[in-house]
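Structures incoming, each one as structure tokens.
Look for chain A in each of the two complexes below; its partner is chain B in the first and chain C in the second.
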Partner chain A sequence: MNELIVRSGGLSTTVQDTGRDGQYAIGMPPSGAMDQYSFAVANALVGNPPGAAALEATYLGPELEFTDPRSVAVTGADCDVAINGEPAPTWAALRVSAGDVLSFGQVRGGARPYVAVGGGIDVPLYLGSRSTYLLTGIGGFHGRALAGGDRLPLGEPVGEAPVAGTEVPGELRAEFPDVTELRFVAGLCAYRLTERALASFVEVEWKVTKDADRVGYRLRGGSLEFVEREQPFGAGRDQANVVDLGYPVGSVQVPGGDEPIVLLNDAVTGGGYATIGTVISVDRDRMAQARTGGRVRFAPVDVETAVAARRERRVRLDKARAAVSAEQR
Partner chain B sequence: MSTVEAHVPGVFYRRPSPDAAPFIEAGSVVEAGQTIALIEIMKTFNEVKADKSCRVSKILLDDGDEVDVGQTMFEVDEP
Partner chain C sequence: MSASEVRLPPARYEHGGDEFVFVELDQEMSLEANLKAMAITGALRREDIDGIIDICPSNASYLIRLDPDRLHPADLVDHLRALEHSAGQLPDDHAVRTRIVDVPVLFDDPWTRETLLKFRDRHQDPSATDLEYAARINGFTDVRALIDAITSAPFLVTMLGFVPGLPFCYQMVPRERQIEVPKYVRPRTDTPERAFGYGGAFAVVYPVRGAGGYQLFGIAPAPVFDLAQRLPDFADDIAFPRPSDVLRYRAVDRDEYDRTRTEVESGQFRYRTREVEFLPAELLADPDAVNTRLLEVLYR
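For the complex of A and B:
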């Protein structure tokens, strides 16, 4: 086993994997990489098994020093990357030696770069996952974001990594549109909004506020009316409240009616705000790359469309994996 | 003349707290590493530091203004 020396942690860099699934019933959110597609491609580029833990940075990436020869890859947000100060490509297999330093410039498009290292980040499993859950400080590297001076344990690489220089074709990389379209399935409490409010929810172009992190994204731009009713016992007086229910990851709640919040990987698992719909899992990858000041729109779809989109993402991921492994020969 | 750009998107503040004096005024001479502004993002306040000694000739944003990555916040001159 060897280590990765963190020279600086960037703005907020955490260890993440596919997520802590199966613990929702005890109130434990899944955490895990917000953009699962970019995360998975990063692992493929260094020859890791799909669920190996990698680093998720936010806006400003970390500065990392290697202590042995490793494969490394950066995917996700569009940003400048350098090894020992020399520009290096993203969405490509890279090779580093002991003493080499990987550093980041500012993010041009998207919000979250992913860094996979051959062998994976070998922090201990917590409830079956290496993902960091920042709110309660569990999992990942001591339950927190990386800081200068940290030494991250690395696993032993298994199998062959794609040869250095192997690149992911342009059409299989993440995209960063000016307006991010988020498909959503209406429910569980969409009935609480007036028809006009539901219509305006999908007509309005919402802006991502500064309160946008792994817990959720707060949006601004419109105002939504609720159907007047006498609140049932346990729901509280605010029309935006219901009797408590579970919040699916991706659910959209509207406290007060004017600032929708999309709950994401580190969100609380239940509460009493009306949840008017759920952003489909595939589009949460895109939401992860929407940044503060960015714009999003919602498009209603049914569950079949959501499942089909998930199937398409799997096909796209298989294509990306094939593209990087084919060039190996 | 050169400029200082934002490295993260968020909300710009000229002062450490609402009732405190601004970190700097137009015309202030600052040292490398000195804090000259804050950008609030993801519920945290990130310090904007001068990367070299210089004189800040122009402050282009006000408290509470939204700022995007790469947006110019200050114009500075060599002292």
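For the complex of A and C:
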């Protein structure tokens, strides 16, 4: 079996795929790549099937040494990439030989680069997925972030990879706007906020705090007031408390009224804080590329718009796949 | 049963973005709301509808995760509304078949005591322990009386979640005998693994070490979560508790705690578990009689 030698793990690099479905009811979140679009395009660039496991880095990518010839591609956040110290393009199909070293510079835009390798990262499946869930140490490479000295097992490439040099057209790459717009469906326990607070939630430009990871992003920038009420039995006394309920991935909770938390792929799956709406699935890709100190805004949409946005992403992904497919050449 | 009957408000259907539907059966906690959530989610599971990924019964609500590419969220809501009418009304002879489980707990243990003392600045009453505070605000004469109340009647597992395997447990006693405590003013950053906590009207055992906001009352010697699946009770599943399980929290002394820890560590431990059946209608009408019978089955 061939391996990928991890010379340095970067800041926090984990093995991720499309996610672990069907375990939410016992409290296990789906995990999986935070930016599913960039993840899927990276796999397409190396000729992998759509759900093959890849690496998700955060801010600073890993340093990886190859032990055999492979296809490799880096997508997601905007960063410098080098092979043996020579600059290499991102959003492009690359070819490496045994002994070649892939390394990263700090990200300039976005937060999370994705690295796909032909054949995929072949860590064992755990409950149907290779995704890492850091909180309880499940899946991925021994349930943790990569560290120098790790040797990642690689799968056998299936099918043909796009030829080296194939690039994803600019308009089909991820974007990193100054202010990330997050469409969200208001509701769940939105009745707990005053109308003024709900209005200010979408008017305020929120700043991403340093408490921003795969579990969720804590935001600051405004203050939201609750409708005064006699607390219902079983909730606990605080105005922000409700009887513990299930939290959707993407849901926005407001523990103190002044620090909304958007729950993401490694989220806690339930709890007793009022939740006021849910970021639509497509825009979790954008949120994954929002960084500490970055700004986000919320735009209310209905569920039809959320479903339509999903269709648009699929069309965009099909275009990206068509643009790089091996058969086209 | 009329005196204690709770009339549930109309259910609220909400979209959690495009991948989730949330249904709130009541803003308040009650056995009625939970039993209804279990009945509806149970019926939904049996239907095995394409596009439904997860069915998560919660305390007084439930959450469905779906794949919108296969099932339109609005269509699911229509279906759930219909199900509420056909499956949500529990007939008097409706029976819940489940397990009753003996869960040992060492109350007022040194480990959670050390943790809670570390986080006094986040607590409602920095001068008392969590047990002393909870006993006082619930009108008990002392900590012993509070522990007696917790161990005297079993709890229904009304929800799993937060992290894998964490059981939210609601005591099977009438509202006026329910213990209720607030969550910490600000959540702790640390909680020992297997800590026994109480928040709102819910008792929990924390599966893993980590953050937490519930009052800390004790620690369980046996795990509720076993990633390595080393213990026989975890052969099929990394989480032991299941929704609708009935857990009896039993106070143990330090000797039994240590003995049980040794059994866990050598892989010998098994929960004392019995199959049981109870009628929700009977439970609501005469909880003490049902609880007495359940405990008899458990310790027979």
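The rule we apply is simple: the second predicted complex is superposed on the first by the 326 of 329 C-alpha atoms of A that agree within 3 Å, B and C clash if a C-alpha of one lies under 4 Å from a C-alpha of the other, contacts with A are read in each partner's own complex, and residues count from 1 in each chain.
Basically, a contact is a pair of C-beta atoms (placed from the backbone, for glycine too) under 8 Å apart; a residue touches a chain by one contact, two chains touch by 3 or more.
Model, not experiment: these values are computed from the prediction.
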First (chain B), second (chain C), both or neither touched by A:243: second
First, second, both or neither for A:187, with chain B first and chain C second: second
Touching partner for A:233 - first (chain B), second (chain C), both, neither: second
Of chain C and chain B, partner touching more chain A residues: C
First (chain B), second (chain C), both or neither touched by A:315: neither
Residues on chain A engaged by chain C in the complex (per definition of touch): 21-28, 135-138, 184-185, 187-188, 232-238, 241-251, 268-272, 278-281, 303-304, 306-307, 309-310, 314
Contact footprint of chain B on chain A as seen in their complex: 11-12, 58-60, 106-108, 210-213, 291-293
Residues of chain B defined as touching chain A within the complex: 5, 7-11, 40-44, 46, 66-70
Of all residues in chain C, those that touch chain A in their complex: 14-20, 22, 24, 26-30, 53-63, 65, 68-69, 72-74, 159-166, 168, 170, 175, 178, 180-183, 185, 199-202, 207-208, 210, 213, 225, 227, 237-239, 243
